[in-house]
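Encoded as structure tokens, the structure appears first; notes follow it.
Chain lettering (A, B, C, D and E) follows the sequence in which the chains are written, and residue indices restart at 1 in each chain.
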């Protein structure tokens, strides 16, 4: 059963990730008043990349990208997708937080081995940026975990379904807002498109990736979109819950299906919002971005955490 | 007069001690300081001798058979002073020899100018 | 008496090495390895024993050696790491002069630490503590040059600490009339709280200095970076953990749970210090450009985790703290050894800005370093993960989110500096001057291999060490953890490594297969790079110089080691003051006579006027 | 300023002494041991001069120390002055009168000094005083005959032997009679005669030689320097 | 009652004196033997002192000298405290005499040996005597021989220090003599026990003034804070063998005499609080002055001041354990400082300079000497397993046993000084071992006759550090003898 769920969630996440990538390009194009590529274009790209020539810089160059992808996929298993959760009871949010590290680290190793200065600069920027939004993210997670008195993501989702979505509860609205504010940064969208700035440092970490490396990188990218948003939905929007309307069929196949659908819809909504932001803002410099994150979202998140702690 | 009789030796002794110490405090010529030391010692010796005096006492020597032993002055301070004098002499001799060597080395006896050993 | 004979054997062995080394150079190395291995073996064989013996009477105090699970675990770690770093030293110290002295002191340090953990009373604890201090001093100074101020800093802090501990011991002795640990734990409940706090503060200074808790950390970075690398491994791996041992001993063995829980104010202060100790050094580590100094700051930060774990006082946190001690000993030793190997091959270069690309030349060392770094970060499937997980979990669930924040953000900082270390040494461009670098010799590889294996092994099977730790915390009076072979079961979130392992494995295989199915890639030279058409000269084709430049700019403006600056300033002030004080010896006899008469006159005057005496 | 301050200090010290002196009225000595000595001294030591009986009898250990100090002074002086280069001054010869007078006086002075230290237990005087007179005799010679030097070997031997006799006499006391150091083990004799007071005259004679030769060597060294 | 036979302790003084008197004759007879005379003399003293231990542990030995019943004649009181010090003196004398066999190369060697013997004989006299004026006489023997020895080398520094020392020392002895006179005038006796019997406790100004005079007089030799200005000069200018004895023995003897007078005669409990501060200040000043010294002997001299301060502190705690700590610290200081000065002597001899910076790399060139020096420094800082640890430990224990806030504060100051001490001593260690020297001269050890005493000192430091219990019983009885006025009285006056 578990293995089935694993495979299912892997497929869902991969597909959704690809879909998000395509969707992003599509929406951007529409904002730019163009027609844009078809929504399945990223998938086509991936397949195409696979058959192109690629250069390798060494063993870690290969291994890094694989680790990165393993990391991303692994996180997916720990996320409850609607009612589907493979092993969200193996360590909970803390494990997620840790496995989230794997992906950037693998990428960093891989591009580090490539010995391209642009890649190194990109990695350096990416890590710094990550560090800064991680400040906020950690506080957000801590407020949730303190509020719900558990470290299991699944339980957090269930508790939301039983009471009220975190985003709607006045205690947790501040963390929610903070999360939304750092969401573009987590997705690597403008105004936080600093690490992978294609014009400035030739797409940063992925500069040396070509062929199947680029393919894996694209998949990874999609997965990261998926994970970031799925995490938000799980944490703040009650996961696959819709005001308890479908509580009656929970536990059945259809219940799971419905909740999954609801889950995905929520995700798409959030994603679209982020893409709009991406389209509107210009790119910030790293210092600006860091400062921004450390001023506004962080202070909001800290206030949120203080409220939570004070009330408990 | 009575006062003077009672205290004249003490005054003398203290005066010598005071003078000796004063010289040691304010003079910086080594020879003068050594003189000061000598005066100080003399004062101390006088002081100790004074302690042993008995009114109308005699020297503690039984030069005749019939001398009253309880009219004799205390012999102990005299013995002590004998020792103290010798010690003072020894110190004086040593000090002077050092002064000779000091002058050889530094060509001065002014201790304000001899300050190589400090801090 | 076996413990006593063991110690005697070790001390005699240490001297033997020195004197044998003077006449037969080869023998000292063999002796050092054999003795340290035998020590390890002895300790390993003592597993499960629980007894204490009176081995000596010192000034009316009975000195004891004792062994139980708690000290056994520490003793095992000490002897094990000692053994490995002596093996590592074989080639590291080969060309150095006077290495008999080195080996002797190395053994001294190990024996002293062994003595500390085996001490059954506080006096012998203190004695071994001091022996450890001075032998460490000699070892840190070993490399001369800039090592000298570092070791000065170390020994001065160390003296301050040990003296305050001595006062603590004697104060405790006055209150309880005993220094024997097993008796103290019974008597201590009859002492009033204020005295206990006073004693705890005194001991905390000593242990805090050794454990490099802020504000007592300033000796550590220079000392670690200047010591010979195998010894840095020991220093960072276990020596500073003697502070941890001391804290555990003080809090949970001597004072005991029922009292320590009532000292909430104190524990809060200690927790906050721990949190500061995590965050502050982490970010300072990011700024470092010296490989060993970076690791040294990292050690401070990790010691903060351990400190956090043991002072937080729940069973999870204490278990996590002890486990993290074990893990940190292993992975930090590994990393220091790896850096040592680099240092050995590059003839002493540890500047991160001038290295790079070593992965091609020293792949094994890279692997070791990578595993060590993964453990340090605490990635799942390495040992660091489990211990950190335990600490985080209890911090969150027991309502200390701010402490948890410090711990978690510390982890992110860890990623940054670990990556910097790996990137700047192993990745990127290989400078031309290192074209002919050799691989690490076998005697360096072997300890690294063993340590790497242990990191993975404990990471996958955390249940094995946790069972020992479980016994320890039960002896402290906690409920045992519900430990399984692969993790921990509890009602507020489980940990099951096997799931993660299985998933990783499966996904890994799938992805590799997928990856393999693509068109085969071509290996290219390191200069065959895409530079967006712009020309970059070869020697500039490496981005290692100030790797986190933006962060550096941001942090440098306010993040300095203020405490160290403060200490240095006050030391300078004291020196200045001392220089002034001795001016009272003016060299003029008249003033000396004045002092004498002044003394006399003041005494008389005071007594005449006020009759104080 | 400094002088003023010094005076104040000294005055404080003297005031302290005066407070103490109030307890010790002048001329009313009630010393316990002093009383004992004058009462029992002549019976116990056989010396008519109680000061001598104290110096060489009751407190002879002090005297041993005192002799040592003098010995020390001679040796220390020698040690300090030994390393200087010998300067050859042109020494003016003494006048004939001085020369003859001193030569004439010298044996008389020695004789007188011998009298002083031999009769130390009977009359004021003793080894130290006698020794000092001996030294003054030699001083006369130094003044009168600038080239002359004492026989250093003889001087040293008399110096050492004098001290040794003192200690050996003391040590013999350990084995006879009451078995204590410096015990007066010889017969006391009759009071106020030359052969009385046991070892006291012997010690005083030894001391006379010793002190004399020590002072001689001090003078000798000083003369060498000047 | 069966009389236990023992060698009369007066021989401890008489024999070295006789030997010293013989030396000038020997110069004409058998000159080579002269330098062995001090060795023989102090070996004799050492053996005699050690054989006396079991007897003294039972009761004090009262030795009558040249007179009748006790208060009227001089007597020696050989109690555990005095005997302890006399063992230390003869041990140090013995070992330093061996050291001097090769070390003393210049000057009038005969006179050196005489002065050296008399110095220590005077010290033995001071610690054993039971008479206050006799104490003064032996004190003078000690002082005058040290004046002469400080100037022995005849160089600028030696002469200058010597004359300064002499001036201050003479003032001290004059003050002491005034004090003795004042006491004698009031009580008409000079015997310490008799005085003690008449003075229950110091309470009136007429007692305090003589006490102050005597403390100031003895304090100059004991190097208590404002009175110690001569010490750094004298100890640094004397030949190293003499510095060893001056630092290790002379100042401690001065201190012992002072404490004997304070405890036994005056029983001045109330004064102890003041001495407590004085001790700590002395410690502080000594260590602070040593801190930035570059002249090694001067540094060691200042360190001696510090150590004396610590001993004063320990004694002023005025409990049995405090006094034990003080005595133990005396022992440890004697051993440590003697060892340090002896090692330093040959190091200076080798490098020709007293600057610490010139000792670079001596750890390689004179490994054994440097090793002994290191042991000495570790011990003096108070690191286990050396004897310095045991003594500091005892002092801390005694101070904390008082359980007063004052003592905790003072202990904090002492900790500060120990830190300073550690700082400058470890600096030397670093210079010895971890700094490269410029000249590449070959390895050359100190003379073997110098290494043997150093080795014995180092061995004693180590052994007593590990087995302090061996002498604890002796030290305890010494402490209780010094502390307990009444038992001293009973033993002397019967």
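The working rule: contacts are C-beta pairs under 8 Å (C-beta built on N, C-alpha and C of every residue); 3 or more make two chains touch, one makes a residue touch a chain.
Keep in mind it's a predicted model, so treat the numbers as computed, not measured.
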{"item": "Subunit B and subunit A - chains in contact with each", "value": "C"}
{"item": "Centroid-based (C-alpha) most distant chain relative to subunit D", "value": "A"}
{"item": "Maximum centroid distance from subunit E, chain identifier (CA atoms)", "value": "A"}
{"item": "Of B-E and A-C, whichever chain pair has more C-beta contact pairs", "value": "A-C"}
{"item": "Central chain of the complex, centres being mean CA coordinates", "value": "C"}
{"item": "CA centroid of subunit B to CA centroid of subunit C, Å", "value": "68"}
{"item": "Distance from the mean Cα position of subunit E to that of subunit D, given in whole angstrom", "value": "30"}
{"item": "Centre-of-Cα separation between subunit D and subunit C, whole angstrom", "value": "73"}
{"item": "Separation of subunit B from subunit D, taking each centre as the mean of its C-alpha atoms, in whole Å", "value": "16"}
{"item": "Multi-partner residues of subunit A (at least 2 other chains)", "value": "none"}
{"item": "Residues of subunit B engaged with two or more neighbouring chains", "value": "17, 21, 24-26, 33, 51, 74, 76-77, 80, 83, 87, 90-91, 94, 98, 101, 111, 116-119"}
{"item": "Multi-chain contact residues (two or more partners), subunit D", "value": "6, 9-10, 13, 16-17, 19, 21, 24, 29, 31, 33-35, 37, 59, 62, 65-66, 69, 72-73, 76-77, 80, 84"}
{"item": "Interchain contacts, given as pairs of chains that touch", "value": "A-C, B-C, B-D, B-E, C-D, C-E, D-E"}
{"item": "Sites on subunit C touched by subunit A in the complex", "value": "357, 359-360, 363, 366, 370, 377-380, 385, 389, 392-393, 396-397, 399, 401-402, 404-405, 408-409, 411-413, 415-416, 419, 422-423, 427-429, 487, 492-496, 499-500, 503-504, 506-508, 511-512, 515, 517-519, 521-524, 526-532, 536, 541-544, 547-551, 553-554"}
{"item": "Subunit D-facing residues of subunit B, complex", "value": "5-7, 9-10, 14, 17-18, 21-22, 25-26, 50-55, 57, 59-63, 65, 69-70, 72-80, 82-83, 86-87, 89-91, 93-94, 96-98, 100-101, 104"}
{"item": "Complex interface listing, subunit D residues touching subunit E", "value": "16-17, 19-24, 29-37, 40, 44, 57-62, 64-66, 68-69, 71-73, 75-80, 82-84, 153, 156-157, 159-161, 163-164, 167-168, 170-171, 173-174, 178-184"}
{"item": "Complex contact set, residues of subunit D against subunit B", "value": "2-3, 6-7, 9-10, 13-14, 17-18, 21, 24-29, 31, 33-35, 37-39, 41-42, 48-51, 53-55, 59, 62-63, 65-66, 69-70, 72-74, 76-77, 80-81, 84, 122-124, 128, 191-192, 218, 221-222, 225"}
{"item": "Touching residues (chain side subunit B, partner subunit C) in the complex", "value": "21, 24-28, 33, 111-112, 115-119"}
